[in-house]
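First the structure, then my questions, so here it is.
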Amino acid sequence: MTEITTTYREAVRGAIREAMQKDERVFLMGEDVGRYGGCYAVSMGLLEEFGEDRIRDTPLSESAFTGAGIGAAMGGMRPIVEVMTVNFSLLALDQIMNTAATFRHMSGGQFNVPVVIRMATGAGKQLAAQHSHSLEGWFAHIPGIRVVAPATLEDARGMLWTALEDPDPVLIFENALLYNRQGTLAADAGPVDLDRAAVRREGDQVTLVTYGGSLFKALDAAEALAGDGISAEVIDLRTLRPLDDATIIASVRKTRRAVIVDEGWRSGSLAAEISARIMEQAFWELDAPVCRVCSAEVPIPYPKHLEDAAIPQVPGIVQAARATLGK
Amino acid sequence: MALFKMPSLGADMEAGTLVEWLVGEGETVRRGDIIAVVETQKGAIEIEVFKNGTVSQLLLQPGETVPVGTPMAEIDGGAAGEPAPAAPAPERAARLSAKPAEPERPVATAPPPPRAKAGERVPASPAARRLAAEKGVNLAALKGSGPGGAIVSADVLAAEQPAKLGAAPSRRGLDMDEMRKAIAAAMARSKREIPHYYLQHSIDLEAATTWLAEANAERTPPERLLMAALFVKATALALKQYPEFNGHFVDGRMERSESVHLGVAVAIRGGGLIAPAIHDADTLDVGSLMAALKDVTARMRAGRVRSSELTDPTATFSSLGDRGVEGLWGVIYPPQVALVGFGKVLSRPAVINDQVVPRPQVQVSLSGDHRANDGHRGALLLNAIDKLLQSPEAL
Amino acid sequence: MTTAERPARAVVSRSHILELLTQMVRIRRFEEKCAELYTQEKIRGFLHLYIGEEAVATGVMQALTPEDAVVATYREHGHAIARGIPMTKIMAEMYGKQEGCSQGRGGSMHIFDADTRFYGGNAIVGGGLPLAIGLALADKMQKRSRVTACFFGEGAAAEGEFHESLNLASLWKLPVLFVCENNLYAMGTALDRSEAETDIHKKAEGYRIASRAVDGMNVVEVEGAAREAVAAIHETAQPHFLECRTYRFRPHSMFDPQLYRTKEEVEAARGHGPIKRLLDWGSETGFIHPSDLEAIEIAVAQEVDAAVAFAEAGTWEPVKDLIRDVVAAPAEAWR
């Protein structure tokens, strides 16, 4: 099997292009996706290939164009709505929560909303408080939508098609720091499943549960721990709603210790939800309280050293893992 | 005739206050007419009637606040002027009368119990593990009482106790140390606060023994009656007759009890003493009383007390006859005011018709609280017990 | 239907006028029955009545075909009835019974019907506009000549979505008929206390959308304007905007003491209500005969009674099916 060296960005672009080639109902809509080539250059070149109708630049009207994507999906299209970042999604929250997430239920199953909404997320570029949110945990709170966070190239390449085929709304969160990340990908990489978490590294002393941009920090932490003789298992959630309890619990049953790494703020975070589930389902197997490594309770600050201190980092993950072992 | 009820005007409206009627009795109303003004938390709202008719009676006065759904007026229907629908009102009511099924209440689903596979480690709570480690208890040897059979702290503690008390199974419900402390406190208080006086009496049990033998001849062993049952019944009946011995002395005054809940003293292995109530002992027939005595004794010895049994006794009965003593002078259990004690049934010489003959006899004693009763009445009480035991068939 | 089959003007004939009258009476009596049932706690939650505004839904629906789409608000019972959703299913939905059009899951504010392309029943003011332009966008991209009619109150003109949606519809040339039902009050706030520019249809002009204001109490005028607008949408492939000036005779919802307007104002409006206006005009012109109304009332009363009976006899959805229709195939993890 041939492999190519590529980036996360290119993997996402490849996914969009393939979807649009395979299904003429698919189109991309969002701010600066066309002429500008995409805020993160994801859709660079697609306007020339597919035209203005299908690579559709929108005015700065998050609520209207997200709602339009929802309506177009209900009208038979397969739109990919790109909200530039999760920070601007709050303007579209009403449409996401009160229309996309609720229509199937409110109509008694008569209507479904097969819309895909992609958003960049995460902190780390010194973009300060209003441009550094990680709200995927918030969205994972809402019944009626699926929330996914591709971290690897395979997932960046393969989740989009599966999401487009899903009859219900899917929110795809792409951590902005991953776009440049390089790696190898099978040349014929295709769609992947959505609902399973993946064990990215096997171990038997402590389980590190994470997703998205934090995956690589967790893997680095696992490597560091191995140097210390501590065997850590790393689980990539991949899908934040629904959570793959089975994979998480099987791992915790084996290792008896868990550390959850989540870039959302600690209070009321997705990590809190996972911790509760581990408590409910694996209480008797635990040898230590579940530990969480999350963002500090502060709007993300601008200066580098403070931003770094505010979000999860490898040393913090290593320290948390060691603490569960009483070291 | 239809009832006009306080309407619901909103999800959070629970009641309304009638401000004024806009119609009077005898007036005709048409569908859509505003007939009253009702004050709610949002302000005054005019309410309309949905049927034509004549107001026959106003049931509510201005100023009254009633819950939604309360009848406010009676309206006789059928007045002319309505664009008449084909189906008349009573028919419609009949069709709609079948009330739809109530939605079922949701059932909370319990979390799944942990699966303990053979050969794997035993499910045990963190607290239990810590305790086990501290006390050197082997978890694997324990049976868990927690969810799904998991071992919890109490199981570890119970396993530890054999080393201290020398009794194999843990006794649920009764802690010997605690009980001795409680008895000590109660008896000390009793002697401190209650001015005891004591009376003694001998009772001839010829009639009772004869009757008992006859009654038991017809009974299977499990049903056989003991003399103690007759003693308890006679005591209970006598207490009913002399209520100054039946009740509690509280806050400086005697509160007599209508019912006779006779506390029966039961000794427990390990040195405990407990006197749970047999409720309404005066109303039970001797057979039921016997069964109650057996049940109470068995349960007390197994440690399964009910709290009402400990707080309800209105007087206490104690028998040390099977311990072999002739009589006892009991200490009253506060806040009770009397304790009746029986000794061993012995064959003693008695003088009957100037002859000395052996007769079964028992010594009965009364310990009384002189604040609530006195020797004169006490003597009557004991004599009443005597008299009752002379007609055992009537017990 | 071709353009030729869609007349661009109101049809003025006895049968058509009676049809208009019937629809308005059907809506009126249904709403009155709902009010009665609400006071008896058969209908719960919020209830927003369309009484006084019947001409708008009735008139506009005449201009639409079954292939067109309708997006409405929480005051949508009249629209649902005029669109052709059976009264039985609407009433059962109001009761919360599973025989209702949304299986009882939505209630008064969330009437949906796939058969008639009725997209609710939207309870967020302004929330339906983006949805409507999306439906229109899909039609345009798939080259279908369908119109999406979007109903909303004048209160929505204050929401950002109103402006975003009008702008997008105009920019992308989407086949949307925006119908603003201006009943002068957004719940308890009068229009002139919330809008610097109270001529709503002028705002549409700011987005280069052809717009017009009509007397919303005149069902013939409303129908005429709607037919013209729909024809124009097909011809020019541009959205259109209709401001229908109307008035609601009842409070915003059932629990509203109407502290914000006078009784005299309401009474005066009742004197010029849509049904009365049509009856007056109909008798003057001879289109409506004296016995017509009675016959209509009898038939409508029967239909309403049947709807109530249907709802009363309806059944409650089992609680064990609670987590249903949230997503298509729930994974175990949903629970």
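By written order: A, B and C. Residues from 1 in each chain.
Convention: a contact is a pair of C-beta atoms (placed from the backbone, for glycine too) under 8 Å apart; a residue touches a chain by one contact, two chains touch by 3 or more.
Nothing here was measured: the structure is a model prediction, and the numbers come from that model.
Farthest from chain A, judged by the mean position of CA atoms in each chain, is B. More C-beta pairs touch across the A-C interface than across any other pair of chains.
Averaged Cα coordinates give chain B a centre that lies 63 Å from the centre of chain C. Here the spacing of chain A and chain C, counted between their Cα centres, is 40 Å.
Averaging Cα coordinates per chain places chain A and chain B 60 Å apart.
Across the interface of their complex, chain B is touched by residues 32, 35-36, 38-41, 44-46, 97, 253-257, 259, 294, 297-298, 301-302, 305, 308-309, 312-320, 322, 335 of chain C.
Contact residues of chain B toward chain C in the complex are 5, 7-13, 32, 40, 42-45, 47-48, 50, 68-69, 83-87, 92, 95-96, 98, 100-106, 109. Of all residues in chain A, only 25, 27, 53, 58-59, 61, 63-77, 91, 94-95, 98-99, 103-112, 143-146, 166-168, 195, 242-246 touch chain C in the complex they form. Per the touch definition, chain A reaches chain B in the complex via residues 280-281, 283-286. Chain B contributes residues 111-112, 114, 123-126, 148, 150 to its touches with chain A in the complex.
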